[in-house]
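After this come two complexes, each holding subunit A, first together with subunit B and then together with subunit C.
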Partner chain A sequence: MSEVKTDLVDVEIDGVWYQFPKGMRMIEACRQAGVEVPHYCYHPKLTSPGNCRMCLVEMGMPPRPAPGAEAPAPDENGHLPIAWMPRPVIACANTIGPNMGIRTTGPLTEECRKGVMELLLANHPLDCPICDQAGECSLQEFSVEHGKGESRFRERKVKKPKNVAVGPRIRLDDERCIMCSRCIRFTDEIADDPVLGFTDRGSHTVLTVYPGRELANNYSLNTVDICPVGALTSNDFRFQMRVWFMRETNTIDTNCATGCNITVFARENKIYRITPRQNNEVNSDWMPDSHRLNFHWIESDARLTDPLVKDGDHHRLASWSEAIATAADKLSALDGSEIAVIASARMTNEELLIVNRLVKHLKAGHVDTVARVGEPDGYLISADRNPNTNGVKLVLGLEDPGSQIEAIKAGIEQGRIKAVITLQEDLVDDAGFTPELLGKLDFLLSTYPLANATADASDVVLPGAAWAEKSGTMINATGRLQRLNKAVDAPGQTLEPWEIVRDLIQATGGGNGIYAVTDLFKQLAAEVSEFSGLTWGQIGDLGVPLIETGVTIPLLEREKQRIASGLIVG
Partner chain B sequence: MAIIVQRPKLKWWEHLYLPGIITGMRVTLGHFFSILSGRTKVTMQYPEEKWDSHLPEHYRGAPALVTDEHGRERCVACQLCEFICPPRAITIKPEEIPSDDKWAKVEKRPRAFDIDMIRCIYCGLCEEVCPEQAIYLRKDYAITGLSRAEMVHDKTKLYEIGGVREGLVNKWNELK
Partner chain C sequence: MPLAVPPELEKEIDDHITHYPVSKRSAVLPVLHHLQHHFGYLSEEAVEWTAAKLELEPIKVLEVVTFYPGFRQEAPGKYHIRVCRTLSCAMAGSYELMDSLCEKTGIDRSGVTHHHPIAVSGDGNFSIEFAECLASCGFGPVCMVNDDFHEAVTNIDGLLSQYSK
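Coming up: the complex of A and B.
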């Protein structure tokens, strides 16, 4: 005990002594000691009001000797005997002190948990068969572990509002609510939109939205994630699929440069929902609704499923080999200076590496990506709406991505550029090319998941996989290298963009021995100095810091302040 | 561990085998003469004749959905039967009950409920797992069809087989 740092204190948890920093919450000390304390209202990213009473534990301190009495002697390890308090304390809001004892088992805590569970379930509607939370519900889990198994409540259950639309994306069932107030604290502390509150104090307490307001901010769906029961449900996911059927894939969001860590829930090749995944260096526990719900287009009827080749005015189905051969014939006949390659900052580093190979192989005179700039929201959404602009700079070697687009347009106008290869970008809708301008080209090749005006103008249209259908790495705004993982299979004949580019290089006479996206990552590690020494496995689920960009994420900065001031655990 | 079975010690007249043969022939001839005289019948003329009236109460035939005494479909599309089904014969697509519906309070119902009777093994786990007592194995056993598609029972067919069940769960009663 004497040789450790002074800010550590000895704590006995369930009979075993540990050392933790002074001032740590008891519940966190228990968690780190591997002892689960059941809780509903406590959330490490929110303040602790201590209102669910589920985390009651027994606590004890060394006894204070009576005046004149001899102080208790420490044992051979330097620990004083513990005098246990007769009443329990909540573990979420109390902090640990020197020589403290915590008991999470025993008759007192067990009786407390049983009692809290019985009261929480007294008015619960028990509609688990239709509740979306079933399967990931704390109330279900703790009811199995600590509940009585049957109710002694013989009176009529309290009726409360059900199926209330509290916001455009959220439905509230007040009968299921256990009054943990997590959603209220989230909207107040994190989203700065305090529209939720409890009214009618007593057994008729209901969660309500402020009159005339609604829970409509762009972070509202996070309340559904943190709701420990099924009181708040997402309109988008409501009744779509039971949670136990879905396969979870850890991946990243590609809607902006922040690259929120997410989990994609899919069953039988259909994505049902996306939830944020904790990464304290990127998105904490949250993500914006606009990004979370932007996945339905992956199932769109406009998805391209087969390669198409233009025959006269119309496109016809073609095999991959025919489409690639057609493109290779056209491109081989042209001089490099007449070819422009427009890649995408939505592509992974691996894809950009092989695009770089293509550019060098064709000696293409023009190369750029399409910039997407929006308003930063001051929370998680970055001004740069491309997920991998840093990758474009690092791997494709562009200094100012997006700056050459106008020059390329002018080149087409003047007839200097005769062929454009556009990869995973919609030139008409996103880069301001007109179909007339694209019509001036001798040859236009496009890859994109969806059919669009660019595809319409293209001589060869190749279906390229969407973000959820491919693997790779991306570098977010703060310079963190993160992994994108494949969640579902792409429809039809769709290929991942790196495969398309590889085939194109091979068909125009360049050989390579690339068979998997991890091969490309190995080449990245060998060729780009920032990547040297990295392996695919090292990146893991949480990513690794790769470069210094000086960019910070506003929400994380505020979270750090709250942790420093002791408001939250973090 | 080897178990040693002692051979029975036979009497001298048992060694002749005659008593055994005579006992056996008595049973055989008994059946022979009773069939000859028409006292017993062993052949059932299926499908003109069927076992239906003899089936026990616990017989496990085709699974089917039931409605309650108010005409409400009991199934709330919780998909537990789909989960438990060992051959994965059940496919459910849930939907929300529109707010102007009489049973809007129940909130959820199956939009599509398909049981592939080629896959079904009549195990009865769906009936056992159902929290709403909505799916029962009925006594229908002759499930036939000329195509695979015909062998998939959809919601209409399932309610047709299932019929109405009264009593038991009363969860969605307004007066609950």
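Coming up: the complex of A and C.
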């Protein structure tokens, strides 16, 4: 207890005394005290060069008495009087010390901020109406709070390169750049691809990508997120939608087992962009470009919108009740040992729970999911490209997901397996089933968001919602339980996979009274020991650790080292 | 094409790098000076050679090269003339001196910009640029031709004749 005490120092921030660990950055102490210090170049995950000067604050320490003079006496709370320095200091790179005073308001800091703003705006184009950053631009926000309102600058603004393709996914407007160097530090320190730098330093400083190189690494779009102004814009998002029109949904990425925390920005049921959301236990502040941009297929023309039933050699539209009844008829006529259920490790725990019910209810002899394995990238992308393999193990009870697929193929080949129910998986493209093999089946039911070769071969095709159109929980590679939240409505008659499975169980004679996905979570908490005691609300936006897997995320490990060595705040 | 640095120059550079034991990055200026002195300018290859030598990313070297007007990224002529244009020399006629030198050497300065300050004669013998104070304000106009210093330049033909080979 006393050990902890000695590490804390008393700091007065805007007249109120706080205790913070010694050596903490002033800006971080202010943040934790709920006092905002405006800044551009400082980012807690990057080193602090202290070059934007926006975070200047007043600082003071107890006066040092002249030799022979009486030392200042502490007040009744043990705090010494503070002698304020006549000049400001930057809060981002200076650390707190015992009995330090910080003033973030008052004439000196206000004058400093005004001055910095005026200099930054002197050469900044006034193109906010056509700038993608407008609405989430630090320069705009601080200009309102700390700017002068009008410009004294009567000279010509400096001309710099505009609309520069610095990489395949990013465009640069050098006139908008305020030279905070966050992007340079990101590519340097996090992405290990230092291709950006400032050339022609002086009144004509230009952010440059080294001639002949490009900013093409798979984390490049994070520079767009951390750019405090509209200098770096995403080719995919620029000019698509004003940011204030979009609704934000906190959810998780489903492209790999890391489960990066993300925010989905949508308007009128259309997703416009995805940005990483801070979670220091999963993805820090970052995410890979490949995952971020993998959402346009949700709007694909190939989306299934209605249940389809095979009629001769083609499919015709059917109602849900007809499609489900057709499936129930076929399945009821078969013995469980003749039925295989192929679920997906892209399904949520809730969906897997109800799939497990279906398997038991049909006494299906074969059950598996499709494995997806790729190369880990050493940053955030896991080798396991399924988002919920741990959920499959825990909830569906498979020991080695994906290991039975070949046996199921052989079973179909030999005629032992007569019916396959495939849920949210494309057996032809992703699991190596040939249409000929699927043709040997008496009955094939498939659910998937998109039309594909498996749907082609299916007797009943059911439109199942995509990841952004459903809610649930998943367990990432490190064993963290995280929430997937619905961001947009699914098109047409599409249902969430758990609803489809519920209806199938009901139609084949198994009753249940599940009306919401949260009911399934309650059952999970009641039935699966790892979940016991958990509630939907407890999981929150950042998830909770659920199981020990021993898996670590390389990028996070490196970040922890940088925090430990004091390079970054974290 | 990799830069062909003669072994004796490379030895000199390696020796100079040892003067900066804490961070090789600090040696970037002296290395660039060596290369510019030898090659006359700093080509893309020179930037990359320096980066490889100091285990830096090329962009870090390019940042330095573009900061100092003293580093040239384009090849100068055989004789590079620098005409002082700071106040004393300007008043003593350095702009006229520049015009005359351009006329006599056949240099067209119309393409000169802030980022491309050097103009080269068609035959490649001469190149010219303005320089800031060359520290001889009492004897303007002043210019330098390569490393030679010339004060109170009035006899332009005489000056150029020294460099006619």
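Here is the rule we go by: the second predicted complex is superposed on the first by the 566 of 570 C-alpha atoms of A that agree within 3 Å, B and C clash if a C-alpha of one lies under 4 Å from a C-alpha of the other, contacts with A are read in each partner's own complex, and residues count from 1 in each chain.
Note that in this section a residue touches a chain if its C-beta (ideal position, glycine included) is under 8 Å from a C-beta of that chain, and two chains touch if they have at least 3 such contacts.
Remember, predicted model here, so these are calculated numbers, not experimental data.
**Student:** Just checking: does A:152 make contact with subunit B only, subunit C only, both, or neither of them? Give me first, second, both or neither.
**Tutor:** neither
**Student:** Which partner does A:242 reach: the first (subunit B), the second (subunit C), both, or neither?
**Tutor:** In the superposition, A:242 touches subunit B alone.
**Student:** Go through the superposed model and pick first if A:194 touches only subunit B, second if only subunit C, both, or neither.
**Tutor:** A:194 contacts subunit C only, not subunit B.
**Student:** Could you say whether A:314 touches subunit B, subunit C, both of them, or neither, answering first, second, both or neither?
**Tutor:** In the superposition, A:314 touches no partner, neither subunit B nor subunit C.
**Student:** First (subunit B), second (subunit C), both or neither: which does A:204 touch?
**Tutor:** second
**Student:** Look at A:163 in the shared chain and tell me whether it touches subunit B only, subunit C only, both, or neither; answer first, second, both or neither.
**Tutor:** first
**Student:** Show me the residue ranges of subunit A that touch subunit B in the complex, using the header's touch definition.
**Tutor:** For this pair, the touching residues of subunit A are 127-130, 134, 162-163, 238-242, 244-245.
**Student:** Which subunit B residues qualify as touching subunit A in the complex?
**Tutor:** Those in contact with subunit A are residues 76-80, 82-83, 94-96, 99, 105-108, 131-132, 171.
**Student:** Considering the complex alone, what residue numbers of subunit C touch subunit A?
**Tutor:** Going through subunit C, the ones touching subunit A are 44, 57-60, 62-63, 66-67, 114-115.
**Student:** Name, in rising order, each residue of subunit A that touches subunit C in their complex.
**Tutor:** 194-202, 204, 208-213
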